[in-house]
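Below, chain A partners chain B and then partners chain C, in two separate complexes.
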Partner chain A sequence: MSASWKQLLFQILLLVSCRRINTKTPGPTAPPLVPITSLPTDERSASLEGESHTEKVELLNPVNLSLACTWTGNQNKLPNITGFWRKDGDEVENSQVTVQLEGDQYKLKRVFSIVSEESLGSYSCVFGSEEAKIEFVLAAPQVGELRDKPIVSYVGDSGVIACKMEETKPKPITWNWYKANGTDKEQIFAVAEPLRYEIKNEERKTKLVVHNLTEADGGLYYCGAVYAISTTMSHVELRVISFQEPLKPFIAIVIEVIVLVAAILLYERCQAKKNYTAGNGTIDQTNTMTQGENIEPEESSSVRQRKI
Partner chain B sequence: MSPAPGSDLGYKPLDGGWGWMVVVGAHISIGFAYSTPKVLSIFFKEIQENLGASHSEIALISSIMLAVMYAGGPVSSVLVRRFGSRPMVILGGLLCAVSMVAASFGNSIVYLYLCIGIIGGCGLSLNLNASLTIISKYFLIKRPLANGLAMAGSPVFLCIMAPVNQYLLQKFGWRGSLFIFGAVMLNCCVAGALMRPLVPPRRPSTCAAQKNVEGEPNECNTKQKRSGMVNAKTFLDFTFFKDRGFVIYLIGNIMFIFGAYAPILFLSAYAISQGVEEYSAAYLLSIMGFVDMFVRPGTGLIASSKWIRPRIQYFFGFAMIFNGTCHLLCPLIKCYAFLVTYAVFFGVGFGMVFALMFECLMDLMGNQRFPSAVGLVTIIECFPMLLGPPAAGLLVDFDDYKYLFFMCGSVIVAGGVFIFVMNIYNYHMLEKEKPAKVREQNQMSVENQDQASASA
Partner chain C sequence: MADGKRRSGAVEPLDGGWGWMIVGCCFMVTVCTRAVTRCISIFFVEFQAHFGADYAATAWIHSLVDCTTMLCAPVGSLVGNRWSCRVAVMLGGLLSSVGLLLSSFSTSLELLYLTLGVLTGLGFALCYTPAIAMVGCYFHHRRALAFGIAMSGSGIGTFVLAPAVQMLIELYSWRGALLVLSAFVANLCVCGALLRPIRLREGEEEEGEEAESVGEEKLGGLVSSKDAELAVSLPKEPSVPLPLMAGNPAPQLPRRRCFSSCFLSIKEYRFLLLPDFLGLAVSFLFLASGCSLPFVYLVPYALSVGVRHQQAAFLMSILGVLDIVGNITFGWLTDRRCLKPYRLASYVLAVAMEGLCCLFTPLLRSFSLLVPFAVLYGYFDGAYVALIPVVTADVVGSPYLSSALGVVYFLHAIPYLISPPIGGWLVDVTGSYSPTFFLSGVSLLSSAVVLSAITGIRHCRRLMLTPAAKR
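Moving on to the complex of A and B:
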């Protein structure tokens, strides 16, 4: 076990003193993996002065994670208090211990083996009977820049869906794509259907191209960022519509334009006829200028001046 | 104070009546012309994702469209002079509609450059030129007001089309949106229908008949000579450069355009760098556009007044100096409230300059020369417009945003001062030359009366 004690020496101790109930950004990630036969260990701790606090922990690889809670207590500082751990709302078996008041603080600590996706989740240390609670949310890095609006594409067109992991977060091992099928997710294998699907993976970005779209291709698509510990998902909706949809407003607007232009030109013709039948030159010939007119600037023109 | 070249129309313009409907048409047409390159940028992110293009490749679409719109000036002025405004605006509307509809079927960036950039740009250039020309034909006394109202189309359409385009994008994706936007641009044809032509097409038969009767150069030919019409075949009439007023206007305008657009492009980025949140920073541009909407007709109204109208070139110079000063003061502003104030004053300055821009050119050149002049001005303005924002961008990369504002502000102020001072000189020289010109005109009128009495 000397190797793991060496590990402990190199660990980062994270002490977050918090006076509000707001969450803080997660601390630095665990130190790089040193290849050893057993799982590496890591430690996270938080201290609480109020009633509850939530701490986000980002994990990439399986670890033995030691979570430590420190509570300053409330008004009546009992010498002994019970404390237990909870995972995702269910009490962890045999986790109930009696905590002594040491130096005006209660300390609770436990080591958890985080090996797979099931081990991730919300771990809470609870003091007394719900008097104080610190929650550690264990998760793999989430895909950022979620697109909440659906991507609209057309039948026969190629739809492109992209996912991106932020620069500040660690890059995933690879990316997977899934299509929602009812409540399940079916993985998309581009190799199996190269004419239909194309997956372009870069380190932090991934693109799924669906060729020759049909209405059935619409729905939710999930991109999964694969890490050693689990795969984080994010979803985008693809809507496939036919060409008739934009055609309706298009035709409506074209009809409106034709009607307006016809109306304006008809009105003009009516006006011109009215002017003509009322006699040449006696009424304002605003639109015409007879050829033989003198156009010297000094002379007032023979075009009848219109009253403004 | 200023000479009245506008009276060479040869008839008393309407200054009202159907003219106001023409202003509505010009408003729509100019609105589309100026706002389309900007509102199309709403579609760019989706097009970029779908076609797999880079940021700069996509941004080039707008730049090509603007460049073609401005560079097409000379060609469109020739066409407008030959065929009149109405057919050109209708043709422009059809071209734009076709370009957008064709673009919606595109699969490569180069195809979009061709459709939206080149064909769309040509359509817009026809719209712009024809609308300005017909205003000059319908208005004289109230022309600044008409110009202000027509130019107000740009911010109005920007405010309307931006949310409409967002909605279309969400509902129909970029292809459907371009398709429907093409139909929307067909409304330029409605604008064209409103632009009732004033002069019917020339009737060569009457002139020929008269020639036969008299057997000597008659009124038709002298009319042509006197109106000094430039041969329709010349696209670029370089004789304009002999006109002092024109050169002054051009230089001032180039300096203004160079510095005008960069602050708009970088305003939100600057605000964000000063700690303002993204949504509020975008709001600054909306404030500027909103203020612009009301300032343009307001400026037109002021410029129409008896006191300002004769001194309109000075007013133009003042507007530029005001705009430039705003930019120079901007880097001193750190907090959001003052940034809002800056946006308001920026909108005021920007609106004032744009409302007066073409009015001043009309004032200088007169109605006969205006179409060719505006074509020449727009093609020359192409260069500062394309060079200005990248040059400003270089300054931003080099150091803080403040150098950008200093550069733009100082260039615009210099342009305004140049116009102001040089116009004083110009009017002074024109006063000196006036007696000679009056003598020449009297001589020509005597000649004409002799001919008229001879033919009677």
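Moving on to the complex of A and C:
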């Protein structure tokens, strides 16, 4: 009986001490919303030879990310050096440690729990007093193939805006569309206005169709790729113009064509009349004939040839 | 040439003067037809985005325009012969302009096929052949150079129009761009108005010309239908003589007009039975099967061997520029007195060189190796394009040039249409671009071989049959 009682006491003690250890594990900002043990773990490391280095990390889901930095040191090769972590320029609390020189290298490692959009950003490990810095940029997959030129559409026509996530990047859970309203972004719900908006989502592509465009529909549109960790945005500009705009160069060129054709035909008619009234004697000078007058000069000239 | 001056009333080919204006008009026609056709592929991305179609569906538009332009080429030459080249080109300009205008308002991809593919293609077909035939009428001694300059319009036009079309699409979207393009194509009417009909020396004085030193085809090409009758009396010396309409031209004159309308279609296409022309036709079929494949598959092949995007685009630019250079320089070269008798041989050489280049392509696996390929291929491509009308005129004679060109371009149509998809199928099936380039090289080489074989055989036969009647 006493042995099992001791066992129970021991188990309780263990539980309490473990819990204490758990709460000591630091999160960079707010305490984690999800119990740490249920998050998957991932590891990223980078080594530095020079002064600074940047590494991009793409994350989809909440994860316990262990970041490791390895530095080969400078000429001094001190046995001990201080190292600390920074997030987005602010120093992480309680992150300063003393790093021993192991096998000609300094190693700094820390686990961060990345759960939401606020956890993403730039994490840097710094050795000494800014002697060496490695930066990890944590972000969700960005939408590639951005169209930097605006999409042009006409009043009354339907405009199509598309966003695409590259094949090499993981596919988002879903897509959202937002319209810029001043500095805010308003989400577009196609269900609410089916006559005006239509959203077609495929795995890696999304298309927003705006029917019956008006001038007010122009502006910036944002497509957001939704991942478990955050939503990445990219924007496209839609420009709505009226039909008069391309009509101006069109009419200008058509007028030029009509004027030129009329001028050429009139000139030839005058020229032909002049030659005809000059008695056809100068036919070998001109090879000009308008269509209607093909018949008579031919006959007379071939008669003339026979005489020669 | 002295003979020509004796005749008053008809003129010999000018080889200059207003002829250069005609060359300029033909240049503009080539710009407005061939270059605009190539620039239509710039619209594909916009069509795909707007209509939600995939690449294959939009690529049909380009194939339709190309195919219709070539298939309806005989219609163009028919209209040009029956009325006049001027009427044909102006009508074609109007039709293609209307086609582009309607396509800018289209609401579905199928409507685009109809307006942009069929209507515009038909309009282009009505312009293309008569304009080229007109250049053939106006030039004799400097024919190849004139054709070279006229055909360089497609290369130079693509060079200039491609960024312009891109800019128009950015400013006005594809609808506005098509609208402005339709106005641009209406300039074909201006070119048509400038194509003055020319009446060349008539054929009844043929006998006196036999002794002329020029070993080329005889003069007397007439474009308007009313004179096609007299032109029949004009044989090409080494080939099978066509029925001579000997005798007094005067009694024929009143009959000429009704002759032309009744017998036009038969007599006009007499040249189809010429063995020389049949050999040429077969070689054109092979040529058209092979020549478009490298243009379509060079960039994908370059990307597959690791060339960067910008470098691959640069390869296409090299092809385009060398095309222009080949057009003009090869035309000038084959006009030189020393090379004139060997024009057919130069044409065969150009085609054979292209074929060889294509055969070696699978060995070229880097950008620095592909550049010489692009240079050579582009140059010889421009070379043979400039020589097609010249060689055709050499074989059938100037009076039939218009109809013959119609048939020649008609023969180009189906191979142009089916060879890129066959090339694509080969790529899909074998997983590499080598079979496609082999196919292209073999087609081009067989075209050259067929033509040289037939010419060689007939030359030998002629020497055996008529040893005295050498040139």
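The criterion applied here is as follows: the second predicted complex is superposed on the first by the 244 of 308 C-alpha atoms of A that agree within 3 Å, B and C clash if a C-alpha of one lies under 4 Å from a C-alpha of the other, contacts with A are read in each partner's own complex, and residues count from 1 in each chain.
The rule is short, and it goes like this: a contact is a pair of C-beta atoms (placed from the backbone, for glycine too) under 8 Å apart; a residue touches a chain by one contact, two chains touch by 3 or more.
Since we're looking at a predicted model, the values are computed, not measured.
J.: Name the contact category of A:254: first (chain B only), second (chain C only), both, or neither.
T.: Once the two structures are laid over each other on A, A:254 reaches both partners.
J.: Taking the superposition as given, does A:173 touch the first partner, chain B, the second, chain C, both, or neither?
T.: After superposing on A, A:173 lies clear of both chain B and chain C.
J.: With both complexes superposed on chain A, which partner does A:270 reach: first (chain B), second (chain C), both or neither?
T.: The answer is neither, since A:270 touches no partner chain.
J.: Give one of first, second, both or neither to describe whether A:78 is in contact with chain B, with chain C, with both, or with none.
T.: Touch status of A:78: no partner.
J.: In the superposed arrangement, does A:162 touch chain B (first), chain C (second), both or neither?
T.: Touch status of A:162: both partners.
J.: In the superposed view, which residues of chain A touch chain B and also chain C?
T.: Touching chain B and chain C on chain A: residues 149, 151-154, 157, 160, 162, 207, 241, 245-247, 249-250, 253-254, 257, 260-261, 264-265, 268, 287-289, 291, 294-295, 297-298, 300-301, 303, 305-306, 308.
J.: Can you check the complex and tell me which residues of chain C touch chain A?
T.: Residue positions touching the partner: 6-11, 14, 18, 49-50, 52, 83-84, 86-87, 90, 170-173, 175-177, 179-180, 182-184, 186-187, 189-190, 193-194, 196-199, 202, 224, 226-227, 248-250, 253.
J.: In the complex formed with chain A, which residues of chain B make contact?
T.: 7-8, 10-12, 14-18, 46, 49-50, 52, 170-173, 175-177, 179-180, 182-184, 186-187, 189-190, 193-194, 196-200, 202-203, 206-207, 219-220, 223, 226-227, 445, 448, 452
J.: Help me check something: in the complex, which residues belonging to chain A touch chain C?
T.: Spelled out, the residues of chain A in touch with chain C are 149, 151-154, 157, 160, 162, 207, 241, 245-247, 249-254, 257, 260-261, 264-265, 268, 283-284, 287-289, 291, 294-295, 297-306, 308.
J.: Taking the touch rule as given, give the residues of chain A at its contact with chain B in the complex, in rising order.
T.: Against chain B, the touching part of chain A is residues 149, 151-154, 157-158, 160, 162, 207, 239, 241, 245-247, 249-250, 253-254, 257, 260-261, 264-265, 268, 286-289, 291-298, 300-301, 303, 305-306, 308.
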